[in-house]
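As written, the chains take the letters A, B, C and D, and residue 1 is the first residue of each chain.
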Amino acid sequence: MNKTYFQNLFQPKLDNPVLVEGLPGFGNVGKITAQLLIKLTKAKLFTELYSPSLPDYVIVNTKGICHPPRYEFYASSTGKPNFIILTGDAQPSLNDIVAHYKLCGEILDFAEECGSKFIITIGGVPMPHPAGEVYVAATSKKLAVETMEKGAALYGGGKIMGATGLLLGIAKSRGWKGTCLLGATTGLKADRKAALSVFKFLTKMLGIDQKQNVKVRGRESVKSKP
Amino acid sequence: MNKTYFQNLFQPKLDNPVLVEGLPGFGNVGKITAQLLIKLTKAKLFTELYSPSLPDYVIVNTKGICHPPRYEFYASSTGKPNFIILTGDAQPSLNDIVAHYKLCGEILDFAEECGSKFIITIGGVPMPHPAGEVYVAATSKKLAVETMEKGAALYGGGKIMGATGLLLGIAKSRGWKGTCLLGATTGLKADRKAALSVFKFLTKMLGIDQKQNVKVRGRESVKSKP
Amino acid sequence: MNKTYFQNLFQPKLDNPVLVEGLPGFGNVGKITAQLLIKLTKAKLFTELYSPSLPDYVIVNTKGICHPPRYEFYASSTGKPNFIILTGDAQPSLNDIVAHYKLCGEILDFAEECGSKFIITIGGVPMPHPAGEVYVAATSKKLAVETMEKGAALYGGGKIMGATGLLLGIAKSRGWKGTCLLGATTGLKADRKAALSVFKFLTKMLGIDQKQNVKVRGRESVKSKP
Amino acid sequence: MNKTYFQNLFQPKLDNPVLVEGLPGFGNVGKITAQLLIKLTKAKLFTELYSPSLPDYVIVNTKGICHPPRYEFYASSTGKPNFIILTGDAQPSLNDIVAHYKLCGEILDFAEECGSKFIITIGGVPMPHPAGEVYVAATSKKLAVETMEKGAALYGGGKIMGATGLLLGIAKSRGWKGTCLLGATTGLKADRKAALSVFKFLTKMLGIDQKQNVKVRGRESVKSKP
């Protein structure tokens, strides 16, 4: 296995989807938020990504079934906006940064083919006494200000580690627009509370009516070719 | 030396061989089990693998003779099933995961050319108070359940590190079937007891009659071209 | 993103520019000195470099705007000598030395295309009790002696880590001439005092009249094509 | 700088030269021994090797002159046998094993072009109470036994780290013959005593008369094309 490959499960119809990234990290804020968004938007797993940049172990689920670490892409085309939600088992090793850059480029290539030009990356930011704060960094001042007007705090003068930072940065250098939302967390364990704060902010920011979505469940109709 | 190379010693006749991996790792459970299986099945060393993914030292044997770290492939075609048994001196460095993925892919390529489509990987799983338990993870629920019915415990909801995990995972993503057996071990030193537990389970699981095998020693006839 | 790319903002007219490197490092002496020199020589940012050899995070500025870590090239063609000043956000990871060599080669290729054949690299050297000393190492004995005659101490019999050392070394092996200036610093925090010592020495060494430069501010005329 | 390059200073006439490796390592035994052998055999520096596998700093000598870390090849064609003596500033980083394998292959390619098919690698082996012992490992039992008959102790059942091990191992896999001599050392600092033990053993083993060599100094005539 020499390179990243995308295993396509079905081909969703997507209209200018927003790429939302929520991978494992501090307090698992990104991954939990992504899972909540997948549930809310009834997004379907449409592509799996395997890569030699991901760790060299296998994941075993609770039934004893294994798979190599992978990224998963979920598509939601029922509401506005459409989404590609990226989550997964693990982030690349710290030892191969060149490979990580390459992987992030491949993900953006893939999302561009699906019509994406806007990214929201989600992570945690370690704080000694977190209290539900959501911080924002963005590809432009305009976007940062707009997000702050909706209640986020400024994440100014720092770094954003891993895929949550790198995807946003490479996306920017390709002309994408995007925002990073960081939930304050002690980071010591999976922090569902921090993820819920980010999730609430995210749905408000995107104008997704959580109730309405629940109501329309019966009428859900994802057009997909298996 | 830029890439992996396979040094072929002879060409065994193999019929749908099961690939069994037992490399150094926790408690050396995998490697010791592989050595026991080689002895039982009178498997012969038929191919050595050298690779720049393996560590950059040489191994010196008790007579002072050196060789670079290598993987060794043993073939057994005397019983049912046939086996390719993979063991070796060392696992790849933690620093080059991309190279490890590549190496595992090359091993599976090689085994496929020999007719393999089923893999059993063997390792140790660290436990504070091991008591001879054998854990199983598999490429499918059916295989996991079948192995548990023979007495293995479920290894659910974790990771399997190194080649023992990665080979199984990549094999699965290529459409192979396979099982991983993990012996409970403190992992602090070579744990022959844990390996014996796994070995007994393995021979029972595969229906290899240990006595019969000992009897047929005189009739052994490995067809090979040197 | 597979390789280094140079994002050109404008094309300065440069006459045999001296390449001055001041990247983050011990006490941030190199970076602070580079910033002072940029200010003094009214150098303009003309090229940004992005590379998978740089760390896999994003930098967020005080306004919440992100960019991937980058190197920046500033050009000054108003005085004598002309300068290309290289500074940036971060140095490459310790884990990919091959990539670091490659990156330094690419930087020298770029500077050669701009007409450079002389390099001054600037860094800090950790000392328990720094007192404003500036140390010198060079590509030749003649250059080392000349710099010592101007007041620098000999940096003899050691190593110079990171880009500050590697750029000088690779430049030498390409036939460039060059000097490394190291400011004594405890290295524990950004050491503006050490940087000022290096900066004063550098301007004296290059015969840049700081006052005159300030005076000519009104007559500044950088010819550039945006 | 993307790959290893050999800077040739002159082309020595060599007849089946023995490649002797003595690089920095435990107690610097290898490097010091190589330096003693260079002196004894009046070997001349004929090639420098630069490589992105070597560390990313520069070496500064006592006069303040820098160069990137390099390997140096010295040739001696005055006595029997002829020698290529490999020494240098540093060993490759632990982080890039694939690159280290490649580098060792390139060194053997180079030595083969010079007519070498026999290698002696020299290093230190850490011991709590070293007493001048010299240990041997070899590419064959015959060579190990012959060396033990001359007084070396068996280095059996271990590993030999770094270039000292890897060069010997890769050489063997190419069909070379060779020996590794390891001087017992605490390894804490440059251990001239341990190196002297190895050096005495080496000259005895090779039948180099130290006195005679000293006498012939006046008649020395290295044929070389600059």
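The rule is simple: contacts are C-beta pairs under 8 Å (C-beta built on N, C-alpha and C of every residue); 3 or more make two chains touch, one makes a residue touch a chain.
Since the structure is predicted, the reported quantities are computational estimates derived from the model, not experimental observations.
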Where the contacts of chain C and chain D overlap, which chains show up? none
What rotation angle takes the CA atoms of chain A onto those of chain C? Round to the nearest 5 degrees. 90
Quick check on chain B against chain D: do more than half of the interface residue numbers occur in both copies, making it same, or fewer, making it different? different
Relative to chain C, largest Cα-centroid distance belongs to chain B
Taking each chain's centre as its mean C-alpha position, how far apart are chain A and chain B in Å? 38
How many angstrom between the C-alpha centroids of chain D and chain A? 53
Where chain C touches two or more other chains at once, the residues are 95-96
Which pairs of chains touch each other in this structure? A-B, A-C, B-D, C-D
Under the touch definition given earlier, write down the residues of chain D that touch chain B in their complex. 92, 94-98, 100-102, 104-105, 136-141, 144, 148, 154-163, 165-166, 168-170, 172-173, 180
Inside the complex, what are the residues of chain C that reach chain A? 1-2, 7, 50, 52-68, 93, 95-96, 99
